[in-house]
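Notes follow the structure.
As written, the chain order gives the labels A, B, C and D, with residue 1 at the start of each chain.
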Amino acid sequence: MTGKTNYRRFAPVTRRRFVAGASTLGLAAGLGVGPFIRRASANTEVKVLNWQGYGTDEPWALEAFKAATGLDVVHDYYNSESEMITKLQTNPGTYDVIVTNSAWNGRASELGVIQPIDSSLISNFADLNPSFRDSAVLSADGKLYGVSWVWGMTAIAYSTDVFKEAPTSVEILWDPSLAKRVCVRDDAIEAVSFAAIATGQDMNHPADHDKIKEKLLALKPNLATMWSSEDDWNKQFQAKAFDVSIYWSGSAFRSKNTFNLPVGYFVPTEGAIGWFDGLAIGTDAPNAEGAHKFIDYMVSQEFYSKWAEVGPPASANNKAMEGLPDSDPSKAFYLDQENVKRLQFMAPLSDKERQDFSDIWAEVKTEFAK
Amino acid sequence: MSEVAVTGAIKRYGQVAALDGVDLTFADGEFFGLLGPSGSGKTTLLRAIAGFIALDAGEIRVDGTDIARIPVHKRNIGMVFQNYALFPHMSVAENVAFGLDVRDVPAAEIKARVAESLDLVRLSGLEARRPRQLSGGQQQRVALARALVTRPSVLLLDEPLSALDKHLRQEMQVELRRIQRQIGITTIFVTHDQEEALTLSDRVAIFNQGRVVQAGAPRAVYERPVNRFAAGFLGEANFLEGQVTALSGGEARVALVGGGELALPQGDLAAGSAVLIALRPEKISIEPGMAVGANAVAGRITAAIFSGSSLTYRVAVGERLMIVFEQNKSRAPLTEGSEVVLRWNAADNVVVAP
Amino acid sequence: MTPTTRTRWAIFSLTGPAYLWLACTIFLPLLAMLALSFLDKSPLVPKPPEFTLGNYGAFFAKDFYWSLTRWSVELGLWVTFFCLLIGYPAAYALAKRIKGRWREAIFLLIVLPFWSNALVRIFSWTMVLRSNGIVDLTVQSFFPGAPAFDLLFSYPAVIIGLVHSYLPYMILTCYIALQAIDDSLVEAGRSLGATSFTTFRRVVLPLSLPGIVSGSALIFVPVIGSFMEPRILGGTKGATLGMNIEEQFTVTANWPLGAALSFILLAIVLVIFGIIYPFLRRQGGNA
Amino acid sequence: MRRFLDGGIRLYLVLVLIFLYLPILVMALFAFNRSPLYGLPFEFDLVWFEALAGNKRLLQAGWNSVWIALANTVIATTLGTMAAVAFGRYTFRGKTLMQALLFPPIAIPWLVIGTAMLVFFFWVGRSVGAPGMARGLHAILLGHVALSLPYVIFVVGARLNDYPKALEEAAATLGATPWQVFRRVSVPILAPGVVAAALFAFAVSFDQFVISYFLAPPGVTTLPVEIYTSIRKGFTPEINAISTIIIAVSMGLMLVVARFYRFGGERSGNE
């Protein structure tokens, strides 16, 4: 790995030479003549920007992809969509493939950090579920900026130890018998969206913010804590810190299948949040050809059938979903049209909406902490 | 060895002049004492010579070369600090070797010169000790050895003996003098201890408020102080105020304020002028009886202080209180309340500026 | 070159490298951030940004910011207080009572926990503090039927986690300050007839003040901006301004607002230190 | 009475150490526990160490972190000590302001600084025609050192109440150049503060996530970055395993160092 050789340059420097070295370093950085800049080896690598541990970096997949194409896949990660945008803006021409949420793909294309995709190079394109594939949020000016990859929902998980029967309503979160047994994610958009659903409003553009605030404040007696990551959720659930929680569908299946936690999952009759992720190609991608190949592999049935073993979200590839073994509980769940019909899909938000949601949540959390 | 010449040195800190036009020349191989009360400028001058302080005006020349632009470490000076400033993390030998080490002197030579230097200060055998394990006198000697081992052109001593007890101080004074003689280095030292200054120095300079009041050989300064400050600072003195009444035959007669008459060599005194006379206490003889004539006054002993080899009398002469020293010879000490006569020689009357 | 210019040159060459480094990597970027906090949108957005005071106005317009700020400062004060309470005696014992090899060994043992990852440490604390956690299970195995121990998701849990994270700062800064105090000064104090306590209060404490100040600054300042410990250990009870700042960067992508809130946080820090600085000067502290 | 008091003091230090080590022990405990979700009861297993041995990415990340932290420690400690010396030695105009300037790097959340740095470096890089220079190990090191400097200056400053000015002057009169004075007199005298500062600098870098994460080029990662980015999916006790190894190794190394080198101050007479 070339990174290692670079370190050696910084490694022990004699005391005498040190100050001179330090100033040279500053100078080198200032003039941009540093020998430390890692140049992409364009044709043998595909650089991917994604969440860590989210499909694209499965070691077996990278081996299979390399075997098929001879390309190495190198990863960089982000921890929030906003960071993804920042990384793209401050590293032009660095990334080949970027995983973009449906609500953010439009923003990325608007900022010019991702480039149009040639769907003819994606052999699996025809098999993709048209409702995602042709979604307006993945294209701009009639050009395709994202290939739908996976989708999932944010609904409600519960402990099957506590609930002998699956709850059906979103009101379970406000059930007085569940004092200090409810968990939500510490996320403004998710919380506001759920409160909008619970108060019968349009999740993406709710009209009545006060009602949402009120509904969220009513959550206070029931709230045990807030989770921030899947890892956090699993550990707390394992420690029986809560009985019912807003949770991601893919994660719920993982908790159940991989970690053998007593997790049940349902989509409330009032509805739940639906989302889907696309795969995009960075502007001036050093290896656009490889990027198309990688995207094609990512949406293939071959990849998904193996990935399904660790509990991913649903594939946007119809063939891949139908190809799952019937023993996989997620197959029936994702293919259940009753569930899908109840979902409201996340739409791009304006900056003002985002800020409003954030402020509502901040205000509510401040009340929680009192 | 070198001659150090200071001319017109001025250093101000805000409104205060630490050095207010100092001219002094330190001759080659001379042991020179800078004496004065705290804040009189003596330490400022020493630090200026060392290079820690830049003068606002004036210059310091070593063997004719202006050293203002030479940084401390290139001045080739040896300095002994008030609290010795020994490096606590180094052994005695390492402390002494430091100055040679930074000059990249070969190891073998360093070893030899350190040994020689420690021998000079009679500390051989303590090379491996740390400063904290040494007594005050030993630390002082290490500091001296360290300052001398680099063969500096000038040795600067900043109150080097003030941290020692009296006995050790006297011992070290002798030692210091011996070593200085032995190597003949120009040595400038700062002290506020007049006895020390007199004992050690070839010449002394008395400082007050940033100026040199008087400079010269210790004896000359002691015997002929130029003003009240010099007389009072260097040794004890009785001050007598009066007016010249008559001049005759090379002798001036002075009527003292509050009674009594003095006769003294005329010098450049003018009739009718007011004069201030300094009179050393040991120059006065004390006898029982009543007063008569010039250079004799009558008084009554108010205190007799016995201190072994000598006696100090406080004598009330009219409104005035005079101090008299007497060697403890055969006679029984005079008692408090005795009426006495004080006499002295005309030549012991020193006219000083107020 | 006169010695005065030499002194100036010495100051410049001693501080120059550090401050040049800081200028290039922190001050200039932060100045850009400061400028950004007066704009209505991030400059990376294609639309031209406009000048506004709205980001600072938002802080004063919304009540919850005031609550978050107050809590952050209170949290900082509590954590600093407990670190001082626990850390100073430990530093004193280490500097003045433990001799020989043990001193070095303990000194190192105090820093080592610091070399573990903060997040890993915090998760370990959740394991300790929760019901069915280490403490709870231990208590239950010795005293079956004892009331359940569950501190997780509470204010004390946040304090415990933060005190643990920052305690080494206080111990080490106080230790190195105390260690520099000559024992003979203490003896001198005693010989002048002062009691142990008076000697401590009048001699040791003032001389170790720079250590206390450094330690407190290194604790108070980052704690009021903390967000991870309050979130993970405090659950719904750990709301801080730092968490909101983080959200402005990760969720709402509103950098100007996040930057404005950060500079308000900084201003609070500077005001607090501005208030206590003259007092410290009077005490002879060198901070 | 004195003995009783000393016993109490030792007990107190032991209690403080227990408090400091409680989560570390818990961390190590779970490295040897079979449950991937840190479940209890405890079941001894080396499965996470085995997994770690096969996890090249994590091992490489750990290795990278150590190197960056070491380089950072050397640079930050040197530059920071020099600045602290200037503050301790001299009184000059602007000193208070310069000291106050150390607050922003610790008061402003790392996320904000990291973002500012990333954007600023990018902007500088773009304006000199090398946008790629915004990221890389040099950038990470630049950032880490900058964040460590205030800590170093504060910690060394805590040692400078009684600055050994006479010792430095003595060294200068003996012919030592300013650099020799600094290296051979000031540094050894300041050693306890400098060592503490170095330990802090190492810790700051070793736990620095945001800067590394923003400034690391794709494919390069450090341990904290690995830990924080894996949080979404869930990190396994492999993290505990590698953390345990690092703590154990550094404990061993430091105790060896303590055995041969004293930095707690000068030797006193009777030791």
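Throughout what follows, a residue touches a chain if its C-beta (ideal position, glycine included) is under 8 Å from a C-beta of that chain, and two chains touch if they have at least 3 such contacts.
Remember, predicted model here, so these are calculated numbers, not experimental data.
Ranked by separation of Cα centres from chain B, the top chain is A. Looking at contacts between chains, the pair that accounts for the most C-beta pairs is C-D.
Centre-to-centre, using mean CA coordinates, chain A is 86 Å away from chain B.
We define each chain's centre as the mean of its Cα atoms; on that basis chain A and chain D are separated by 33 Å.
If you average the CA atoms of chain C and of chain D, the two centres end up 15 Å from each other. Counting partner chains per residue, chain D has residues 38, 79, 115, 119, 121, 142, 178, 228, 231, 268 touching two or more of them.
Those residues of chain C in touch with two or more other chains are numbered 17, 21, 24, 44, 123, 132, 249-250. Within chain B, residues 51-52, 71 each touch two or more of the remaining chains. Residue ranges of chain C in contact with chain D, taken from their complex: 7-8, 10-11, 14-15, 17-19, 21-22, 24-30, 32-33, 44, 86-87, 89-90, 93-94, 97-101, 103-121, 123-125, 127-128, 132, 134, 137, 164, 167-169, 171-177, 179-180, 207-211, 213-215, 217-218, 221-222, 224-225, 227, 242, 245-246, 249-250, 255, 258-259, 262-263, 265-266, 269-270, 273, 277, 285-287. The part of chain C that touches chain A in the complex is made up of residues 17, 20-21, 24, 41, 44-46, 62-64, 67-68, 71, 123, 126, 130-133, 152-153, 231-232, 234-239, 244, 247-254, 257. The part of chain A that touches chain D in the complex is made up of residues 1, 3-4, 6-7, 10-13, 15, 18-19, 22, 25-26, 28-32, 34, 36-39, 47-49, 51-54, 74-77, 79, 86-87, 89-95, 228-232, 234-235, 238, 259, 261. Contact residues on chain D toward chain C in their complex (touch as defined above): 6, 9-10, 12-13, 16-17, 19-24, 26-27, 30, 38, 40, 79-80, 82-83, 85-90, 92, 96, 98-101, 103-109, 111-113, 115-117, 119-121, 123, 142-143, 145-147, 149, 151, 153-155, 157-162, 178, 192-193, 196, 199-200, 202-203, 206-207, 223-224, 227-228, 231, 239-240, 243, 246-247, 250-251, 254-255, 257-259, 262-265, 268, 271.
Those residues of chain D whose C-beta lies close enough to touch chain B in the complex are 166-167, 169-178, 180-181, 184-185, 188-189, 191, 266-269.
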